[in-house]
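Chain IDs A, B, C and D follow the sequence of writing; residue 1 opens each chain.
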Amino acid sequence: MPSQSRRSFLQIATAGTLAAAVAAPRLPAAEAATAGGAFGAQVTPTPLPFDPKHLNSLSEKLLQSHWENNYVGAVKALNTVRGKLAQALADANTPAYVYNGLKREQLIRTGSVVLHDLYFANLGGSGAAGADLRAKIAASFGSFDIWESEFRKIGQGLGGGTGWVVLGFNRRLRLLENYWMADHASGPVDVAPVLVMDMYEHAFAMDYGAAAAKYIDAFFTNIQWEAVQKRLEQGSALMRG
Amino acid sequence: MPSQSRRSFLQIATAGTLAAAVAAPRLPAAEAATAGGAFGAQVTPTPLPFDPKHLNSLSEKLLQSHWENNYVGAVKALNTVRGKLAQALADANTPAYVYNGLKREQLIRTGSVVLHDLYFANLGGSGAAGADLRAKIAASFGSFDIWESEFRKIGQGLGGGTGWVVLGFNRRLRLLENYWMADHASGPVDVAPVLVMDMYEHAFAMDYGAAAAKYIDAFFTNIQWEAVQKRLEQGSALMRG
Amino acid sequence: MPSQSRRSFLQIATAGTLAAAVAAPRLPAAEAATAGGAFGAQVTPTPLPFDPKHLNSLSEKLLQSHWENNYVGAVKALNTVRGKLAQALADANTPAYVYNGLKREQLIRTGSVVLHDLYFANLGGSGAAGADLRAKIAASFGSFDIWESEFRKIGQGLGGGTGWVVLGFNRRLRLLENYWMADHASGPVDVAPVLVMDMYEHAFAMDYGAAAAKYIDAFFTNIQWEAVQKRLEQGSALMRG
Amino acid sequence: MPSQSRRSFLQIATAGTLAAAVAAPRLPAAEAATAGGAFGAQVTPTPLPFDPKHLNSLSEKLLQSHWENNYVGAVKALNTVRGKLAQALADANTPAYVYNGLKREQLIRTGSVVLHDLYFANLGGSGAAGADLRAKIAASFGSFDIWESEFRKIGQGLGGGTGWVVLGFNRRLRLLENYWMADHASGPVDVAPVLVMDMYEHAFAMDYGAAAAKYIDAFFTNIQWEAVQKRLEQGSALMRG
């Protein structure tokens, strides 16, 4: 993985301890990124890609707690669950539904890790979308304003509960759409995430209490639209000829 | 989209009727695939990519019903929901949580449409995986057998309930993993699906009653591994420099 | 528990083996029903309360498989999960989110056991509701027909997915209502279930394939309305002065 | 409903406007509590049963916001959804899966209303459980400490996500158990709730940020055990001969 993409991807390090039954394969250097494999990979948290002192209307305290407790906490939990999966699979007496309790935890933590990583990486910007990107979004939604009104409306509906709002490019349907996701384990298959907004209460309650709409306003003023544009270009280009 | 990939992607047709507020943008030919946009796109079902008379241990009756009722039913529902979304968004009085009831339906139907499309497209084969693919899977899971035992175990745990088992390449974690998904709306973000097994009871009850393990055996004898290999190559190549 | 209610409640037997940390308390005879306690109780399946050969339009094969595989399977899983919970709680190193994976399994199996028990107990009847009960239902829903049309509509919406439809008396809101439940773990708190319809595909696919509406017709012709009336009387009387 | 139970139950008022098709039946005085029926009932929020200035380690600001935004918000949403259900059912063109989107909202809001009502009603106490109640809990769990350790562990597991922890008497299994509930729509059927702890982040983030364990400590020092004891007596007495 080239150094310039370090920030945008999670780093995978080899696990120290692996269950005997699924010892990590020796991999050539080119495959180092996946060392550890399905049962042994250990995810390392990505540092905050901006200075949390300088975001608009989102406090350093909130951002630091969000990163440290919710994101890093999810990374640790994911790493732990992988080890437990290896043990449980090696034991032929593990009932399938008990095993799936762990697989569900893996799905939840994977979602939390990946979505938080994307969330922080699309913050720290000016909040002003470039003309090109606005035109692309408008082409899918009728207008940029219609897109924004739907994205915000989904967020407000989640505000009383939890979840994520994701603008993503659906590689199968070849559509740029907004998605409603009630928790970390929800989501559409084979969608390239383009803009990600966390609506769990830990993303705003410290600063805004229950005023989810004010948090959404604050979120929009901090969007890193350059990162968003790059994701859309990569994500939507992939499936073309 | 080149003609040879017609089978593996859904066809999107322009909707006949669109809510005034989100009239479909005029698009140049190159963008025809996304005509209709986020609110107007109408999905057309992909025909079964194999002759349902000739699968091993899965009856024509079951496969035909599965395709017609569950897959085509999901396509129709998705197309209907899109129209309802456009109407509801255009009405400023729609409460956000009512709007999100529709967005949830959209997520469920999108999952059902895309996963069924992938499921049928990875059936109709010999059930024999090539040496290359076996090696790639083994590199991630320790061995091909460990992969298969986990994939089957997840399926058995879902057998009493519902859901999907997906082998997929996680583009963010750069890992090939098996995923547990309890329903159409569950799933990991930005994962390229490689092998998809339907564990909803409609996929097997007509032939096997509650004997989910026998259905899993039958599924394995029909896997179209060539399609699986192609998906893995495309999906895992995407994020490399 | 008086002998005449044997059929309507699950029998709880003392577990043979209990984790040392949560050994079953010695209980006086009057408490025998809860012997084993939260971690040790072992549920015994209730036999089918009707002869499966003689239901209208639901085959013996389907009913027998439903009882044996889905209901008894859930009972066994619930008993197993209780033992695993005791072990996991006794181990101070169990992460809370791993423990909750087991608690979730407990919730799912508890729902499956209890709802199946109620489902079978409200089958085997004539399908003809008495005038009294019709009047009570009408008083809450406007008319008996409105009630029936909503109950059926929920069932049809679940037909493509999974879940339960429950007519229940909400002891907190003091309302007789229909509930939509997408899976065994969904449900309203403190509701006395009155009429329960299984919409998991295992309840009908063997006989009806994907034709959920035909199954709903069949279900209605077999309702044991006397059992339903008794539940309503008991459930709604409880919270009155 | 006798005046002394006003605090523990929700008040149901007749809806002002009802869809024509489901006009509220005229009810005798004794049935006034359910006036409005399944489609017309309007819930009125219960005032906080304690002075929010005087709880231990839970701020007035937090408690006031929780009551006003999350609880009252849920009451309003539930009342709105009932009206939308009546309209949607009266329209024969409503697809069943769109109708079920509203039924799901009803289930979520019903859970939120009832559980919040119970939560506030089991706060405002001394935090000291009486000997009788401790003995009853110990009889089910092995010891009071085992009960408390499980209740807290479930809470910590939910801390990173959302949900409720409920100690309840399962009327079907005749067991006093702790339940894990990931959201307002989750829950076991026919369980009398005895002690309810809110683990949504709105219950603690304003005061404790992500420190869920500290909130659980604070919760325990405020438990109104007299209310808990009364619920257990009522709930567990009901199904006995």
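Please note the rule applied: a contact is a pair of C-beta atoms (placed from the backbone, for glycine too) under 8 Å apart; a residue touches a chain by one contact, two chains touch by 3 or more.
Here the structure is a predicted model, which is why all the values come from computation and not from measurement.
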| item | value |
| --- | --- |
| Between A-B and A-D, the pair with more C-beta contacts | A-B |
| CA centroid of subunit A to CA centroid of subunit D, Å | 32 |
| Centre-of-Cα separation between subunit C and subunit A, whole angstrom | 38 |
| Cα-centroid distance, subunit A relative to subunit B, in whole angstrom | 21 |
| Junction residues of subunit C, two or more chains touched | 77, 95, 97, 104, 160, 182 |
| Arrangement of touching chains [line / ring / star / complete / other] | complete |
| Complex contacts: residues of subunit D adjacent to subunit B | 77, 80-81, 84, 95, 97-98, 101-102, 104-105 |
| In the complex with subunit A, residue positions of subunit D that touch it | 61, 65-66, 68-70, 73-74, 77, 108, 112, 160-162, 182-184, 200-202, 205-206, 209-210 |
| In the complex with subunit B, residue positions of subunit A that touch it | 1-2, 9-10, 12, 21-25, 27, 31, 33-34, 37-39, 41, 43, 89, 94-97, 99-100, 103-104, 106-107, 110-111, 113-115, 117-118, 138-142, 146-147, 149-150, 153-154, 156-160, 166, 168, 170, 172-182, 185-193, 238-239, 241 |
